[in-house]
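Sharing a structure, written as structure tokens. Questions coming.
Here the chain labels run A, B, C and D in written order, and each chain numbers its own residues starting at 1.
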Amino acid sequence: MSNRVRTVVAGATGYSGRDLIGLLLNHPHLDLIGAFASHSEEVTPLSAIHPQLTGLTKLDCRPFDEAAIARLAPNLIFLATPNEFSHEVVPALLESGATVVDLSGAFRLREAALYPRFYGFEHKRPDLLQKAVYGLTEFVREKLRDAKLIANPGCYPTSILVPMIPLHKAGLVADGQPIICDSKSGVTGAGKAPNATTHFVEVSESLKAYNIFGHRHTPEIAQGLEVKNESRLLIFTPHLLPINRGILSTIYVRLKDNVNRQDILRVWRSTFESEPFVRIFADSQLPEIKFVANTPYCDIGCAVDEETGQAIVVSAIDNLLKGAASQALQNANVALGFDERAGMK
Amino acid sequence: MSNRVRTVVAGATGYSGRDLIGLLLNHPHLDLIGAFASHSEEVTPLSAIHPQLTGLTKLDCRPFDEAAIARLAPNLIFLATPNEFSHEVVPALLESGATVVDLSGAFRLREAALYPRFYGFEHKRPDLLQKAVYGLTEFVREKLRDAKLIANPGCYPTSILVPMIPLHKAGLVADGQPIICDSKSGVTGAGKAPNATTHFVEVSESLKAYNIFGHRHTPEIAQGLEVKNESRLLIFTPHLLPINRGILSTIYVRLKDNVNRQDILRVWRSTFESEPFVRIFADSQLPEIKFVANTPYCDIGCAVDEETGQAIVVSAIDNLLKGAASQALQNANVALGFDERAGMK
Amino acid sequence: MSNRVRTVVAGATGYSGRDLIGLLLNHPHLDLIGAFASHSEEVTPLSAIHPQLTGLTKLDCRPFDEAAIARLAPNLIFLATPNEFSHEVVPALLESGATVVDLSGAFRLREAALYPRFYGFEHKRPDLLQKAVYGLTEFVREKLRDAKLIANPGCYPTSILVPMIPLHKAGLVADGQPIICDSKSGVTGAGKAPNATTHFVEVSESLKAYNIFGHRHTPEIAQGLEVKNESRLLIFTPHLLPINRGILSTIYVRLKDNVNRQDILRVWRSTFESEPFVRIFADSQLPEIKFVANTPYCDIGCAVDEETGQAIVVSAIDNLLKGAASQALQNANVALGFDERAGMK
Amino acid sequence: MSNRVRTVVAGATGYSGRDLIGLLLNHPHLDLIGAFASHSEEVTPLSAIHPQLTGLTKLDCRPFDEAAIARLAPNLIFLATPNEFSHEVVPALLESGATVVDLSGAFRLREAALYPRFYGFEHKRPDLLQKAVYGLTEFVREKLRDAKLIANPGCYPTSILVPMIPLHKAGLVADGQPIICDSKSGVTGAGKAPNATTHFVEVSESLKAYNIFGHRHTPEIAQGLEVKNESRLLIFTPHLLPINRGILSTIYVRLKDNVNRQDILRVWRSTFESEPFVRIFADSQLPEIKFVANTPYCDIGCAVDEETGQAIVVSAIDNLLKGAASQALQNANVALGFDERAGMK
């Protein structure tokens, strides 16, 4: 019992929180000892908020309360709370000595100056922006070990950065050409708050693009690809799909001369060969959302027109898992020295 | 031009209002001259509220205002407003001399005493409950001519009463046996207000029963079938389907001895033979929601186990059309002496 | 290694087979050593048939071949094959000494005479119909231990029998009154073969009842409830829902005098108290499909009109899991002496 | 009566055929006198094939037979038949003197040499490819008058060419830069034939890209934009959406220096000002599929980053209507001298 990790989840009422709790309840080393809601004054059994959890836990979800969390003496805190809320509470939570994994965007961008425009608030802790580890697990394992603040990546950025970072690092991508990311997400990505955007009738039997040129994940993707975006070298267009969960990103990029599909596959293989949660689709079958729904995988594939070096990269993740809860758990596992797959089969 | 009917819609922001406006804009005799919202303080183009209507109308939707409506001197007023709102405003609107078609439940039940329990308010105008014509068009055409207040039937009751009233009137149904109505509706039936019930993720890939034993359409169905429901001879269970529009009702009923499927079909044929909007499925194909979606039809069919007299009646309507907007227009057409199909092809 | 169970799946190309393989690949004691297709002549990697399994197994799916299976010396064989196919091959497979869990209907009905009418073939092994254990796990654990042939229950029957058998056994249900089961299933229940019924456009935005009075699960439910169905005391109507997975059954039943909701809950609690995979919804929240999708649970709840004793029981399962693969695994775990939950978290 | 147009539909069993028949049955001048199936030997009532049409027509659908069609002496023939079938039968049908509107791709490409690669057959009538009018109605009205063979545009090309042709003609688009068309279509676009691609479970809760770099609509779009595609200046990626009907195209294009959003809107307005079926979304609201589903409109809108001249054009159509049946009717109306909107309200 001495090795067990006392774990708290704040933001337990949303979809990411729910899926994270589902994973924690099966984890061999983490004990879920507290669940908190960022915006509720009531004490409610988790199984009443998420009847999916009926019979799996008797824990209550309580109003967020730093003192109450401190009294639980947690070793690990997950925040699946709104951006501004995380921004407010993380500093105090860090003082408790617990490892904090924040699933919001509050600590993802290194440049504080981007927050007012993309997040609508002034960032008060630029120092923490430098210290936080941007937790795209596959690329930052060393930094994650013993990290105290992990900024869990956004769902869209995860789907784009996993396949694209290795291609950039390997120098396969033509310079000065735009990278166009046409991404499509299920509705859980829009959160659990009911509004006109998430109403069944407004989503079903339809599709829309939204936040063109202005989505807050754009600077996060640009940061991950080390693109200065003044010249719109990175274009990101999200769309709302009439499905519950999953993201498909179709990414258009020009390759350098004489780079072909085999080069891409070779780079991916050398990067991801022993990765448990990245799957390379090397044959004619491309990734589809249904192959990753309810799984912790990022699936990646590509087509290349070899005459012209035009590449189309296709990636798929479950936005609530690799795009949120399972990547958070992956990060926590690495930070705490467990098998990275613990709690995910 | 003198024959044209000056028409107003209140409750123009909801789904029934939208579909009604769509029909009115194609109507040969009705001129839509005003659109009002029951709960909004803003003046907004209808095409901004319902981009479906882009290019079809330049009319604004305005805050509900009895005086403004009176100044328009309408001949015909449709109310697609909430129950209690209709209850409040109908008396004054009637004084203008216009024909009022109320799509809410405010004037559907003849017994005022049922309102507190099923609608949550005390009914102040029991006299109007007696005067209002319950507009199940196929059964009340004579009363509709020159009616001033038409209570447009509920969506679920329409799907059940159309097939069942003729069977009851013809005496085919066994006495004292329960009629079990298992109904399934698309989400437009739950209205446009965003809430936990209508959130895409809560509806999609799921199904639920709701308001068991307590749905407000239960007394409306019982009234239509002339069933005293103290002994639960009428059982009605609605379910929420992950689709936009349409209702399927599966109705379980015992027939009297020696009554068979042909008897049912014979009664239906004699009742509905020349009806434009009731279609009898007399072969093995039963009604399905997709056959009626976006149409003004009520499709009806049945299966009978002739050994035992157990019948299963299946009916389908589009809840926004035959269950709301197109039946309202059907009623208005009859009340004003037009071809009943006017505006519906 | 000596304790590990050599496990084979036949019928690996369908949805039940796929989900079963997914469970087996996580099972602590069972080793999947062979996968076979009932109707294919090709050798294909499982991960090409089901890209969901990419990275999880390198096993091929091969054409069904009794000799090849025998050479694998399996201890456990799952058949997720068509009814008639299972009927043909089970006798020989039993001779190998392996435990056989058949997910088809070939050995579910004790009365051989029902097969021609409901399954379209003459049953050649009425002796095996007597020996087969009908594997509704919660009710037959003793018989399952050391069973050699387990007939895994149908999806619809599971959803109906789990809540209803205890009520019947406890004598709560009125005699001579019909039990009306209005069930709704996702499309995986219709199998993976493409046809007009499973075409996306024919299912989406629709709902239909099918096989009224004639579905082959009717005699299976009647057998489970020990109802002689000559007088249609059991009425079962399946509907096809526009969702992937899950069944909701709405069951209408009259209770005996003075039986109330608490009596039902009491019986359920005493039956299922320590069951890992049955969850009782005792508050106002009723089961919904989304609470059980992708889980091995059967959720049950009820509403009772205590004036009249009319009860409405609502149950939900995932048709591919508790209605097929996970119940098959539950049965195998019991038969082989493992923790019943092994492989299911 | 002498003015009425004797109209025949071949390919009456598919989704385009069904919707076309629905429109024809409401048309003021066209009489549907014959319906034929390209691949069926049976005579079946149209209302049995498409129960949606119950009560609307008593016409039978018959096996395709040139002689039978000739005996009907039609003035107008719609072909909603497969590409190769249309290619075979059009020459003979033209000899009858009737106007032929072919909804297939058999006569859309002017270059016969493209057919083997993109359609899988050698084109035998390059002369007809020159004579056929490519019926993107808004751009070819003069040619349509008295046209005898109209090649009705593909669904994807319609969604892309309507907004893009005016921008190209007006010289707003930068030279030598790729035009990237990321298109998403509902499943009716994949046809009515059941196969693994159209199975509900394979489509629902998923999204996939398909036919990357190879879709047969690519040369059709390139032809419409007068792009030589050796250098992949046109990139078209279709995706399969889990919805019944509708296409959304997201089109990425670089504008020439100093061209801004107002320039695009100005060109669109001058082109489409009096068009009945093109709607410009000039405010912040962009087109969405739900606004055009079940309508004959093409909705167009755009966003432009004025710093860089990067434009994103978004368009939406109903693939079965503006992408097939209603555009075919629009074309026939123009060819025969009727109001272009006849039969479409």
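Basically, a residue touches a chain if its C-beta (ideal position, glycine included) is under 8 Å from a C-beta of that chain, and two chains touch if they have at least 3 such contacts.
None of these values were measured; they are calculated from a predicted model.
Comparing the chain pairs C-D and A-D, the larger number of C-beta pairs in contact belongs to A-D. Distance from the centre of chain D peaks at C, each centre being the average of the chain's Cα atoms.
Separation between the centroids of chain A and chain C, computed from CA atoms only, is 36 Å. If you average the Cα atoms of chain C and of chain D, the two centres end up 46 Å apart. Put simply, the C-alpha centre of chain A and that of chain D have 40 angstrom between them.
Multi-chain contact residues of chain A, defined as those touching 2 or more other chains: 204-205, 242-244, 288, 290.
Chain A contributes residues 178, 180, 182, 184, 186, 202, 204-209, 212-213, 230-232, 235, 237, 239, 241-246, 248, 250, 252, 286, 288-290, 293, 303, 305, 307-308, 310, 312, 314 to its touches with chain D in the complex. Contact residues of chain A toward chain C in the complex are 26, 48, 51-52, 54-55, 205, 279, 281, 283, 285, 288, 290-291, 294-295, 297, 299, 345.
Partner chain D is touched in their complex by these residues of chain C: 15, 187-188, 192, 194-196, 198-201, 203-205, 242-244.
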